[in-house]
Every structure is written in structure tokens, then in C-alpha cells.
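The chains carry the letters A, B, C and D, assigned in the order they are written, with residues numbered from 1 in each.
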């Protein structure tokens, strides 16, 4: 929930950072970016380990903090001599409060997009919802966006606040922390940050500066009015999809892709039911038991991925595209399939 | 927070082998906890995930009718990992069931109307549910004429043969059973493909008449022009889609077609709705 | 660990080595019970998937045995198997499976004694190497 | 490079115009520095976009499978040394017919390793161009020139078959092959390790794997309609990110390439997690060479080592 009063900003001296994080670790499980060879990744921070905030962004999105790639749902016993054999039991989980330190605004905003799928009035995905609700998102504004970032035209931005509880702004030897929600307020107390400052103007000018650093754009304004069948049958897909090798890189790296598979695994007499990320790029995703596959070709699967993100999602929720412009799929794709190019082609397509 | 992935435990009460090739078996299931049965309040046309511990889950249309109390029934075709294992199970074994899932046939719209049910092969399961539901003494007066065209490859491949015979003799329902071919000299019903029999026997389309079709793609493909010829409007043709599914609650993403999730927004759609969706089913 | 006994999944060709195992049994020859036999039509049918699946499900060693070169019921199946196995064994070692866990032999259906001997050798070698865990899929 | 590009365009245009082929498979300029996108060309418009430079590491032979299966058209394909060897593989494995192809051979001087270049710089690289043996890297406010030989993909640095093995026409004169290359120095280093250490090495190597299957899908050898990881009856490999499942996948994937791998490096360059997946396949390549004197994809007339045998091979 957004705080209904003028946003509070505190100053955090970097000299005290180590102690502040230590304070936080007493009441939160902490997650943050850490360096791993040439790349950063989010991981749970052991005691005394600091988030490395001197980074651009992590190679994979932090969605796994709320939504792990593999997750146990149920456990069961197959030994017929035991009570309740073959009956599913919920696996125990740690939903104690956790905080992600240094998540980028685009990645935090992505959780809101995914929330529309997992947290609906009729039905809630308990694993995602509980983990999400247990998490406080402490964002880190992007002072120096990269050339593949296109967040400002993907409904987001380098200083975007939606989806965050606190926004940190790196201002040299200190951070400004903008408190956005009551969850953020609670974290502020736990950290002991209380030096209120009036930095509105300074932050605003840094924000504008960062936004001008975004040099890559997409056009999405006409997607909503396009006729689904026209886009679906458009001739450009063959050309756009040709290079695709149908690996799952884009979907696994994407902060807004949520598809999963459910699998049972048995070891001796005990079994687990688990869920794993899945990808619309794989033929198995839609293969019927009969052998029939409605999305049998690579082109159909590429089209599904982009139609879902850029048209179906737009139509279903009337709240923008299912993309925050983080640029991961663009920079990781082995064959340089570029969502920006596809989005612009779709947006400007006339039958 | 209720966990929508957690199956209710059920016991297999009865197994009936339906067809000569033994690939179709009907499982009658009884809830281990009676309270779960009340929670499992369903309508004809919905489906459920049958959960076999150690193997996985499989979405299957509910073959019993909500008017049949004390058990729920599924007819399962042996195709993959889970269904094959299910076929090897015996009465008394414990499995799980999750649901009811999906929408149903639009019963509020169908009340007071003529209903033409067209079914083929083993897709007859939710149609059976619908027929039993409509024939319930309390329900029957709420519908006008009920016609059922049901076809299978041969007499031995028809599902629910005892019930079919009963319906043939009932004045509440007009049954048109057909088989593709048979060398049985005593076969007293129709011979011919479903579209042909539909053309001969179905009521003409009008505002008061709805057709419900469920069957293999090839049957649907050839029945649809027949219904067009009979003047059925596309919003009066109701179909149930098949799609690979996992979660059954619109979350895992795989049954997505256009902006719909077949498991949650379907599986029942009117042809008018399907006309607007990408042809990916 | 002193009472630990290895499990050795043994793939025997239907036409030769399986017969040898049978003969060893009929002749009341002693060979260790660690050997768990799976009959295959020909060693040419062997797939690396079978071997990894054995380790995955708890085998400590795998032994494949077929007809002598030249005696294959299908003329040449064991020649292909020989090449595949040679490459497989080297690769498995590269990937962290000790060579003593993998065995390949030629035993005809008349060689019951040899079957028992090789079985003993295989069990000894695997025992020496200890329990396998690298490719075991544990809960 | 411009000579190469012009020649590629010239040949492609002629082939299409004369109806010798219906489609050309090549590369067009990518949207990211050091990236090109595999593409097809059917029209003169498409041909304008064709490019060639040191960022064409993707193996185009991969685009012949699953593609030719549906179509009977004649295909023109641009092939460097390794691509051509994979085309040979396809032909001897009956995936495609030689006479369905027009191979536009490109003598290759190696592809650059974009990750190596990225890792040299602190800042984001904005533009990369090349001139002869130099790679020019630009960003906001800096420019640096690298020697191409120092930033080659590892497989290119030790490549001894830079020239196409089969071709119908060449875009340039054949290049001199590298001599006295020690192709297996790294494999020998691993061979010398005790087994536990090898096991640990692969544990570390695979810890980042996310099972996206980019390595498999970038590989021209991987064309099975249903891969073993997707089989469910029986299920050979679990689907989660369990380390044993990941290791089993890589083990079996690599072994399936035994005697077929040309060390084109597509798997490694596709991997989004920078896993050195060639560490697996190179061992098999070395053994095939040492045991059977075999190099994959060098001849249309010889059967691969696991598809043949000799009576007298010592057991």
C-alpha cells in the first residue's frame, strides 16, 4: 500500500552501511546482488555478506527470490503400510519476512505484472503470494542505464517506484532512501535510518538525468487497437522467428515470464510434487497426450511468446505490455532476437 | 490461504472397462473425507485434475452428473504416463482429485431451450454428465426437446452402453446412436458418420435451439458445415476444447490461446468466441 | 561401512551371457548376489542412458556382457557395442565415474565358469571403489 | 570483410535470380554489438541485409534441419569450415541431400568471443568494428583496439579446419590452415586429475546451469524429434534444477555428439551462463581421434566411428 502523505526521504551515510545491513539481517532474511565471475546474481546473503550495489544489473532476473526455478509443493508417502499413504501433504516453507536490497526498479515493477496472474480475486497461487507478501523490496535507482534498457517506453523507468517499498538513490558518499510504502517504513525502523532530509529537488534532477540516459525505445501505443487475428496471421513472423533456436534463455531470464510445469518425483517410497519453470519455447509445453501439438513449429512458439507479452496480456488486463524493458532477453539471446524490433513491427503493422 | 493445488484424497470405488479395446475405463471415486464432497460442487461440463501420487496429474472431464450423489465418475483413455498408471490401479487404491475446474456448459442460458448434443468417441464423458443432469426428474421440465447424436467407430467402442439403451427407450430424450460401420446383423441403430446423422436427425437451428459438440477434431471439422447448413448461429454452437493443461486454474500458462486460458476461461466456448481466437487448438 | 555390499546392475545379452549366467546357476557355481541381472536382446541395444539410469537409481557398478566378437546373434551388434563402450568408459571417467565401476566382457553361453569368475572380479573391483554417489538421484 | 560481404551478396543474388536456389541462409546485422542474426534471403531486398564478419559464430548448419524436413526447396547456405563439416554430418546422417544444397564456402579466420571482449572492459561496450586483424571497441568516451587473435573464441584459436570441406563456390581464396596447434591441452589437464577432482570440476562448471537447453538447441547435431530429456516413459532425467539431473543431461547430451562433434563452439557461445560446455565434447573428440583416427565431418564417404566397426580392433 502506498503511503498517503508526502513521501519521506532519509539520508543513509555509506560509512554506516555495514552496520545498517547487520541491523536488518536481525529481522529479515536478506537477498542482494553478489558478483560471480563477470556477472552479478541475486542470492540470499549470509551473515556479514554485503549486497554489491556497484553493479548494473544481474544476469538473470530476481524473480527466483519469490518464485524459485524448482520448488517443492507437496510431499507424500507411497508405502501402503503407512498412514495416509498416497495423500499429498503440504511441504513446509519459510515465509518469514525477507528483504531484497538493491533490486532495480524494472525488476520490482515486473512483480506487479506477474501478480496479475498469480493473485486474482478468484484464485491465489499460495506459494507466490506468500513469498511476495513476505518480501520488502528495497530498490536501487539506475543512475547509468545501459543501451539495451528501454524501460521508459515499457511502462517503467530508472527511478520507477511502483512495486518498490523503498527506493535507494546512490548520491556518492550517501544514499537517499525514498520511503514508498508502510512495509518500507518498517524496514526503515529496523535498519535505524532516521536522518530525514529534503532532497526532492536533487532526486528529481538525478531522475531526469537518468531518463535522458535511456537511448532505446519501443512503441506500444497501437497494440491495443490491433485485431488479434491480423497480428497473428501477419507475414513478418517467419522472418522474425527464423533465427530462434527455441531455447528457454529469454523466458528464464525474463522477470515477467511466469509459466511453470508440475512434476512428480519419487525416491524409494517417498515422493514429491514440484513445480519448475517452463517455457513456451519448448515443444513439450503444448504437446497433447495424443501426439498432436497445436504449436508444433518454432515459428508458432516464437509468435506465442511475443503475442502473449505484447497483445494478449495487453488485451486481458488493459494495463500495458508484459515487459518492463530490462533488456535481458535482448542481450542474452544467442541469436539476437530482439523484442524491441518485434514490438515496433507489431505496433506499426497494417494488414 | 487455501491451496488450490492440493488434491482431495479419494478412493477408487469401482472400475468399469468400457470398450472392447480396453483403452477406456470408468473410475467411480469416493471422497475419503465426506466434507470434501461438499466442497467439490460442480456443474456438467467441468473437469478435474486426477492426481496419481508419484506420476502426476491429468485433466479429465467429469462424467458423473451433479445430480448423482455419493461418488464422482471419470472415464479415462489410456494415452500417457498418468493414464497408463491409472489403468493399472485397482479398486480400493487412493488417488487425488482437484477441482472442479473450468467453466461448464452455460446452463443458465440453456434452460428452456432445445438441446442438440453431438458427440463422438470417448469425448462423450461430459456429455453423459449433461444428459444425466437434464434427465433428472427435477431438471427435465426446464428443457424443451433433447436430441443426442452419439457415434463411435463400432458398437463395441460406445461408452456407457447400458445407459444408452435405457435412453433409447425413454420418451424424455431422442437418441440417435450411430457407428461408422458394423457387421452385427442385430445392430438396430444408425450406421454412418456423425456429421451425416446430424444432417438427418438434428433440429434446425433457431433462437430456441443450442448445439453442444464434443468429439475428435475430424468430427468437429465435418459437423460444423452441417450445422451452418442447418442455420445454427455461431453463438448457438457450444464446444469444449482440448488442450494440454497442468495447473487447471489459469496460472501455469500452457493452455493460453489469445487472451484466454482454456483451463479457466474454458474449456467450453461458443463457436462465436472461438472464431475470434487464434486458431491454435 | 564394513557391511556395505555394492549393487551391480548387469546387462546380459540374451543369446550368450544370459545363457552363461543360467548355466552358472544350474551348475551350482558360486557367484556373489550383488549382481542384478537385466536381460537385453544384444549388447548393441545398450544405451548410455541405461548406465546412467542405473547409477541414478542406486547402482554402484554396471557390468555389460555379450557374445564374443564374431558370435553375435545379429552378426555385428557387439562390434558396435565394443566401440560405444570403449568411448563411454573413457568419457565416464572424464565425468567423474571411476573406471572400476564399469565393466564389459564377452562370455558365451557355454562359459558358466567364466561367468562366475568375471562376476567375482567385477564385485571385487566395485567393492574396492566403494559406494557410488556422483550420479545418484537422492531425495 | 567488405570483400567477403560483397561476394556473398553477388553469389546469392545470382543463385536466386537463376533459380539455382529458392532461399539463402546467412547472417544479417544484429541489434547488439558483436551480434549477428541468422536469417534467410529470398528477395533482392533480403540480400542487401546479408553480412559477414567475426561475429558469425552461430553454426548455420543448424538451420537445415527441421527446416528442410518440411520443404523440398533448394537451399543456398553460407558455410565456414565448421558449418561445412556439420553439413557433411547432416548429409551422411541422411538429414539432407547434397544436391538440395548450394554451399557458399567462406574461408574463415576465426570468430571473436564477445564475452571475452566484454569482460575486458569495465564500462558497457557501445560499438565494435573490425579492420583486418584488429577489433575496435568503442564506448562513451573511449576507444580501444584489440588484436583479433587475442580475443578469438577458444575453439577458433585451435581450429585446424578453417576452410570449408565441401562447397560449390567460395567467397574468397582459401586461407592457410593453422599448423602445430595443440588441440587437446585442456583435455589432458583434466585427464591428469584424480577422479574426485574431475567430479568437482564439473560440479563447479555446471553450478550456473539453468537448463535452458541453448547448448543443445544451438547444436546442429541435436535434431532428434524428441530429445531424451523430454521423454517421459521412462523418464531418464528429472526436470528440476537438481545437480544430478543437470549433470546427467550434460553427460548424455555430450555423449550423443560423440564422433559427430566438429567443435564449432555454437553450444558454448549460445550458453547464456557462460558454461564451458566444450569441456565435455572435447574429451570425446580427442578419444575419437586417438582411438579411431576420426575427425567429424571431413568426408562424405566415410561412416562415423560409432556407426561402423573393425573386426580386429583390440578389445
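As a working rule, contacts are C-beta pairs under 8 Å (C-beta built on N, C-alpha and C of every residue); 3 or more make two chains touch, one makes a residue touch a chain.
Values in this document were obtained by computation on a predicted structure and should not be read as measured data.
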Shortest chain-hopping distance from subunit B out to subunit C: 2
C-D or A-B, whichever has more C-beta pairs in contact: A-B
Chain centre separation in whole Å, for subunit D relative to subunit C (CA means): 36
Distance from subunit B to subunit A - Cα centre to Cα centre, in angstrom: 39
CA centroid of subunit A to CA centroid of subunit D, Å: 32
Intercentroid distance (Cα basis), subunit C paired with subunit A, Å: 49
Contacts with two or more other chains, residues of subunit D listed in rising order: 238, 242
Where subunit C touches two or more other chains, by residue: 137-138
Shared-contact residues (touching 2 or more other chains) in subunit A: 261, 263
Subunit D-facing residues of subunit B, complex: 80-81, 84
For the subunit D and subunit C complex, residues of the former touching the latter: 187, 190-191, 195-196, 198-199, 202, 228, 234, 236, 238, 242, 244-245, 247-248, 251-252, 254-255, 258-259, 280, 283-284, 287-288, 291-292, 305-307, 309-311, 313, 315
Contact set on subunit A toward subunit B in their complex: 73-74, 76, 78, 85-88, 90, 117-118, 120, 123-126, 129-130, 228-229, 232, 258-264, 266, 271, 273, 275, 278, 280, 285-290, 292, 294-295, 300, 304, 307-308, 312-313, 315-316
Complex interface listing, subunit A residues touching subunit D: 36-39, 56, 59-60, 69-70, 146-148, 239, 242-243, 245-249, 252-253, 261, 263, 265, 274, 276, 279, 282-284, 298, 330-332, 334-338, 340-341
Residue ranges of subunit B touching subunit A (in the complex, touch as defined): 1-7, 9, 32, 51-58, 79-80, 83, 93-96, 217, 242-244, 246-247, 249-254, 256, 258-259, 264, 276-278, 280-281
